[in-house]
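What follows is a set of structures for review.
The two complexes that follow have chain A in common; it is paired with chain B in the first and with chain C in the second.
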Partner chain A sequence: MASRTRTASLGASLILGLIAVAGCGGAHGGAADSQAAGTHRGGTLHVLSTIDLEHLDPARAYVTSTQDVVRLVYRTLTTYAAAPGRAGSSIVPDLATDTGTPSDGAKTWTFHLKEGLKYEDGRAITAADIRYGVERTFAPELPEGPPYARTWLAGGASYQGPYKGGDLAAIATPDDRTIVFTLNRPVADFGSAAALPMFAPVPKDKDTGVGYDSRPFSSGPYKIDTFEPKKQLTLVRNESWDQKTDDVRKALPDRIEIDLNLDGSVVDQRMIAAQGEDANAVAFEPIGPASVAQVQTDPTLRARLITGESENTRFLSLNTRRGQLGNVKVRQAIAYAIDKDALRLTRGGPIAGDLATTILPPSVAGHVDGDPYPSKDGKGDPDKARQLLAEAGVAGGIDLTLDAPATNGGKAQAEAIQSSLAKVGIRVAVNEVSGSSYWSTVGNTAQEHDMVIDGWTPDWPGASTYLPIVLDGRAITKQGNNNRAQYDSSAVNSRFDQIAALPDANAANAAYGQLDGQIMADAPVVPFLWDKAAILVGPNVVGAYGHVGYVGRLDLVSLGLRG
Partner chain B sequence: MIWYTLRRLGVAALLLLVICALTFVIFYVMPDDPAQQACGKACGPERIAQIRDTLGLDRPLYHQFGSYLVGVFAGRTYGTGALSVHCGFPCLGFSFQTNEPVWRLLVTRLPVSVSIAIGAAVLWLVVGVTAGVISALRRGSLWDRAAMAAALGGISLPIYLTALLFQYVLVIKLGWLPHPHAVSLFVDPLAWVQSMIMPWTTLALLYAGLYARLARGEMVESLGRDFVRTARAKGLPERTVVLRHALRPAMTPVVTVFGMDLGALLGGALITESVYGLPGVGKLASDAINSADQPVILGVTLFAAGFIVLANVAVDLVYALLDPRVRHAT
Partner chain C sequence: MRAPSTRAAPLRALLLRTRSVGTRSVLANRATTVSLVAILVLLVAALAAPVLTALAGTSPTAFDTGALDANLGGLPRGGFGGISSAHWLGVEPGSGRDLFARILYGTRVSLLIALAATAVSVVLGTVLGLVAGFFGGWADAVIGRVMDLLMSFPSLIFMIALMSVAPAANRELLLVAVLGFFGWPYAGRIVRGQAMSLSRREFVEAARALGANRRTLLFGEVLPNLAGPVLVVATLSIPACVATEAGLSFLGVGVRPPTPSWGQLIAQAVPWYAADPLYFLLPGALLFGTVLAFNVLGDAVRDALDPRGGGR
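And then the complex of A and B:
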């Protein structure tokens, strides 16, 4: 029975994936969107990564790259569907029997655990372990994780984590397989948030505090064999994991070796050559702009190139509190003037994604098609921009400063913006900020300038972790600010409150989609790219597709090797 | 000689302390706030203040520097209670990004850097000095001109270019060598040589050129000195004149430069290690810079500086052996 359900749902997601692909097809040069699913068990899968893994500890794993990897090692209450295209953004049960039951107007959420769930040492996973895992995210010593537990759970504001504060009363575990969260506000998509790593079980006696990061205890199909930070992570089978309790993970390879911090051009070369063990390898990150041409002109390489949609939107934030940018007509003029196609070219052309016209990307529920600032091929409409600047009384042009990361990509994007705006008389000075301190600099309202090369990836494919975080005026803070437009509209703010109070997630998403259009008319941000990731896989690898929740990276849980 | 050695070591220790203080101040005033970095993308000022307190970043500079220095000799414990972590002697700081003491990270990376540095040094010393000496003996010959042109080429080619070229041709096109990976000489000597031969050659290409030119210049000068003329006048065989009388004084500047170069390389060959994906100290440094892992950057800086300072001491001592005037004059 269980297996029939799984096959049916997999079929449905494949169809959905194909529809999604057809909807946006033709934009990129024939790269495959997914491969046939694998069934052969065994072999060693290699993952070649140009980046590091930031924090494996479920309380601290917040970046999408790490989340893709840890899904192999531990399970959460819910998780993303393992499916290509937009079907991947649907939330499915993982440890829980369903995606959660709301009551009291979505202020109380109840989850029941499946039967037969086990850790790597064979003992049962209990609701108390999940409570303990969530409680750990309150500890200031484990600071990197998402803020949701701290902001949503009743009494969370003063709780200091299990090491100092005992248990949090807002999480109840009436029995070993039931967990109840009491929230201080209605949260319609709590079931989606429960897919975050922080909702993974952590057995209290295995918790080594800060050191847990080096070896989180396994509840998934793989356990950590060795982990050398910044070098390599090797995973081996967790024999206690039971396939019958897990509809998401295929667990095909016997062993997975992830090499970290490799050189980008070397990974591209190795994946193109695919010799020896590299035939069983996949790249973790998208191919570099320099390799795009070579891969696209070679049919055999193109067949090994997987494109995945992402839920990331890249945009230019216009600091509405600075000078002429307070004038909506000036902002609209910039929205018309920007050559989005030139910006995309700096990232490798159409393979890098679709030109964005709304803040919410098509992969996020609630997205509504629309383009309030149209131009031919997305190359900008300087005439319209000049007309708006004249109406604003600044036909003579203005001077603006743009914050850009001092990386190759950042510089190229800054130059593209500079030349777009030069056509309409806006003179742009570029302020380069070192890549590692870029987000903390532009997130500091005293250090931010007029415009910021910006972007947002939601914590799950829902508008509630998108619009309110980036555009709620009351969320502006002096440091760590995410509202780089410093946009503060009382009409929009009160609409955020109304939507947040809706207990139904679908109604909320629809309302967010409508609000997106309302905000776009005000032009505090200029969206220019909905990312796509193009990733090379070795000829022996099957089951590869880009997952929207991991910004288009391959969904590692579905990969297998040919027998 | 003992007194001389002790004095050199004392100066070296003082130098390291100054470097440590300077690096510490530079990181203290840098814009990257480790607390902000740790806090992630949705993080308010109160949370940042909590983290600053946990990491000890809210203490004054002299206090932080004091704890750091004490930690180097006595080890230290970060945080309190159940979540504290201990960093034992010699504690060069603790990386909160990787949850490892910086010293342990350095020590696990060192064998790779040592493998690269020693192998490359042998290669460039033999090739460079031999070519330079032969060139000096046959000044103006075809050999001289060809060798010096090749040396100039070796010096001019950027390391990242030669490294990528080697990798592309030898590994990907011809398949003669595997992709370099970190393997111990004592576990699998063949794989060690196979992995290291490209990094060695890459570095040796650059340094052999420099050393050939240096050795040639010194040798030419030395051959023109009075004592060489005297030796020849005494009727000594040319072989003895060159090897025993001319070569020895010509080698003193080479030894100086060699000590410094080897010291610097032991502290990590940043580009070579990065391009070949070899996890040495240099790769650790570049990764730490990219992720703004300040304790690691500080630790690598000190570690590398330590090698250079020690290499200097070693050079001074070798000098004293090569040239008795040095130890008597001081």
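And then the complex of A and C:
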């Protein structure tokens, strides 16, 4: 289920077809002057979303864009810093007084809660509520959340959740403001994992099981007024929330209305026109390629375009278990042949991000610069590719099938891959898979074909939820598989174990960076784009910046309106 | 006493009418002439697509990112959708593929599917309609109900479902089969009605009285007299098939990339309507023009062949 985060950044944009992820190259912080942090309180902020919020329940909110929204409603032990650029990827205390204290070689983690924390009805938030919130994620009725609690907490494998199994012994609450997690292995970045929504408090008497999804109880600055799935979420101020306990959320608007499932080009045109209430609106998703020209040629629109880096890498997975793709020379030939620039152009050009040369993006700690398959302007090197194919003994060309989402954006990318591989004699047939079932289809090893248009966003800034999930050969599963290259190298697998045992997160990240290069030499995946997001905000909105933790989308907690 | 004249008369009458009154009235109308010429040009262009693109020096699948402005989201360089000496109708935003070549090859695909689907539906409709109308009884009951069922079926939804559950199938063949299968009752109904009334006409009765067997009656007497209505149905079915194929491709269940078809071109062009209007207008105008031309022609053929129409 770790793919849920990725689904948010990749799946959602692919499903939306041409409303593809776009970002703004070279215009970093271009809007910084007009976007100085706001201080005026009040007004109604509108958010125009082309996607739905799948789950609001903290145990089930695993889609990155949803996590951006629920940060307004509930608080977690730790959270991302509310800051633009890479500063946003640092983890700061939220409900807790610090980012957690490890002991016993990072196998035990202790958090203390701040004083004066309150729910929307004014009662105190206790450590037992956080424990209950984590326990809920074990319930089979609520399966959508991240797997980390289940895999890390001692005794978690057999625990069935609080509805059936009572309390989990691995979480202790010695007093109302202390919570202690006992893990079955050392986890150096547990403090980062504690920023996931599953570490939000849930009062037991307010829990309605599956029904909690429609109205989570608020511990943050806003509470849910109305929620109509696929239509609208309305948030109003939670008067019990105390600004003094919260360094992250500004809570400037009185009311936030999020319109869901709008058409992408409609959102673009509304944001460009910015008439009436739309002056107080922000787009939730990046602008589509067709709107880029209009925005880039108009200085006033460009000033309203906010760009953010993300931790998402888009890559082409080469199924190493199929036919000629088992041959490393053939895979390297494909890595040389791919015209990354053409692929990026189908997504809107440089505004959509930077051409990727490594698996870990520069925004993730541990990234090491490198380009093992260089070509001029990223346009591919067909000569080198043909030479490698000849060495592999397949100079006559091969036939491959590419899995691509059946959306305009997915088709465009598939055609770009088809066109660049055709130059070196690799004939590509495109297997279109309907957008909504794309990830379950390519995650099924029996249904996956030779190549997959793929991508990954880590669950928190760090390589530990990146490489091991996407490229550990022992993690290949028949269904819900994230290792779409089906790459299984014993050398790499044992290196993953060594790195996971490192108690120091920085040392681990550095080791992952090196391993990235080692894996790239084997070319199981061909990274082609490090995503950026370019998002339009209304002229009346202040404090807008793209947040690296939310795939470059706006950090909603910092937005305010001019008085 | 055999009466060859009765048997040959209807067909000869039809041919005569088509040649004299028919041809004259079809060609007398300027709109019809224009339609006919347009259709012929389109057919020739579709057939000669490889030659024409070779002349233009382009291909429908080759990317030309140099013709695009990357900083403007992949918008074609220059005005009017990137029209230049290299790209006669401009290029596709985002990929730089030549629009002239894509539209030509799209014409090939769209027309081929429409013509083949029409052939399937007309042949099926004629055979089954003939059987139902001529024999009546239980054959009529069964075929009639099947036609009712198919005509009341939400065919578009069924087509979308079918195309999505059979993703690996040959899309062109599947489109022809699906369009043909759902199209035949329209031809079938008309043929059935005509066959029914024809089978009670005097010349058929006469042939029957003279001892002609069923086969002779069906293929010698009734079928030749159906040529007119079948021709009209076929001409009017082609634009319907063109439009439906475009609709299915527009909805993403048509032909597979990188094969272009009009519906697909239009679907891809929709978000670009403001930034690059020509990209949207060209395939749209072509689709509109083709459907209109076939409809005008179909109407003219009907007017010419319908004895009750009596000309305009």
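The rule is short, and it goes like this: the second predicted complex is superposed on the first by the 529 of 563 C-alpha atoms of A that agree within 3 Å, B and C clash if a C-alpha of one lies under 4 Å from a C-alpha of the other, contacts with A are read in each partner's own complex, and residues count from 1 in each chain.
Assume a contact is a pair of C-beta atoms (placed from the backbone, for glycine too) under 8 Å apart; a residue touches a chain by one contact, two chains touch by 3 or more.
Worth saying up front: this structure is predicted, and the values here are computed from it rather than measured.
Visitor: Mind checking chain B and chain C on superposed chain A, clash or fit?
Guide: Result for chain B and chain C: fit.
Visitor: Can A:Ser265 be said to touch chain B (first), chain C (second), both, or neither?
Guide: A:Ser265 contacts both chain B and chain C.
Visitor: Return first, second, both or neither, reflecting whether A:Lys411 touches chain B, chain C, both chains, or no partner chain.
Guide: second
Visitor: With both complexes overlaid on chain A, does A:Asp339 touch chain B (first), chain C (second), both or neither?
Guide: second
Visitor: Under the stated touch criterion, which partner chain does A:Pro229 make contact with: chain B (first), chain C (second), both, or neither?
Guide: In the superposed model, A:Pro229 contacts chain B only, not chain C.
Visitor: After the superposition on A, what does A:Asp242 contact: first (chain B), second (chain C), both or neither?
Guide: The answer is neither, since A:Asp242 touches no partner chain.
Visitor: Could you say whether A:Gly145 touches chain B, chain C, both of them, or neither, answering first, second, both or neither?
Guide: It touches chain B, and chain C stays clear.
Visitor: Taking the superposition on A as described, I'd like to know which of chain B and chain C A:Asp254 touches: first, second, both or neither.
Guide: After superposition on chain A, A:Asp254 lies in contact with neither partner.
Visitor: I'd like to know which partner A:Gln294 touches here: chain B for first, chain C for second, both or neither.
Guide: second
Visitor: Please state the minimum Cα-Cα separation between chain B and chain C in the superposed model, rounded to the nearest whole Å.
Guide: It comes out at 7 Å between the closest C-alpha atoms.
Visitor: Could you tell me which stretches of chain A are touched by chain B in one complex and by chain C in the other?
Guide: Correct list for chain A: 265, 269, 434.
Visitor: Write out the stretch or stretches of chain C touching chain A in their complex.
Guide: Against chain A, the touching part of chain C is residues 61-63, 65, 68-75, 93-96, 164, 167-168, 252, 256-258, 267-268, 270-272, 274-276.
Visitor: Give the list of chain A residues in touch with chain B in this complex.
Guide: 52, 54-55, 62, 139-147, 163-164, 209-211, 213-214, 228-231, 259, 261-263, 265-266, 269-270, 272-273, 275-276, 278, 434-437, 439-441, 443, 469, 477-480, 482
Visitor: Can you list the chain B residues touching chain A in their complex?
Guide: By the definition above, chain B touches chain A via 30-33, 36-45, 47-48, 50-51, 53-54, 79, 81-85, 95-100, 105, 108, 164, 167-168, 172, 175, 178-179, 182, 274-277, 279, 283-284, 287, 289-292.
Visitor: If we count contacts the way the header does, which residues on chain A are in touch with chain C in the complex?
Guide: Within the complex, chain A contacts chain C at residues 18, 22, 264-265, 269, 288-294, 296-297, 339, 341-342, 344-346, 348-351, 379, 406-408, 411-412, 414-416, 418-420, 422, 430-434.
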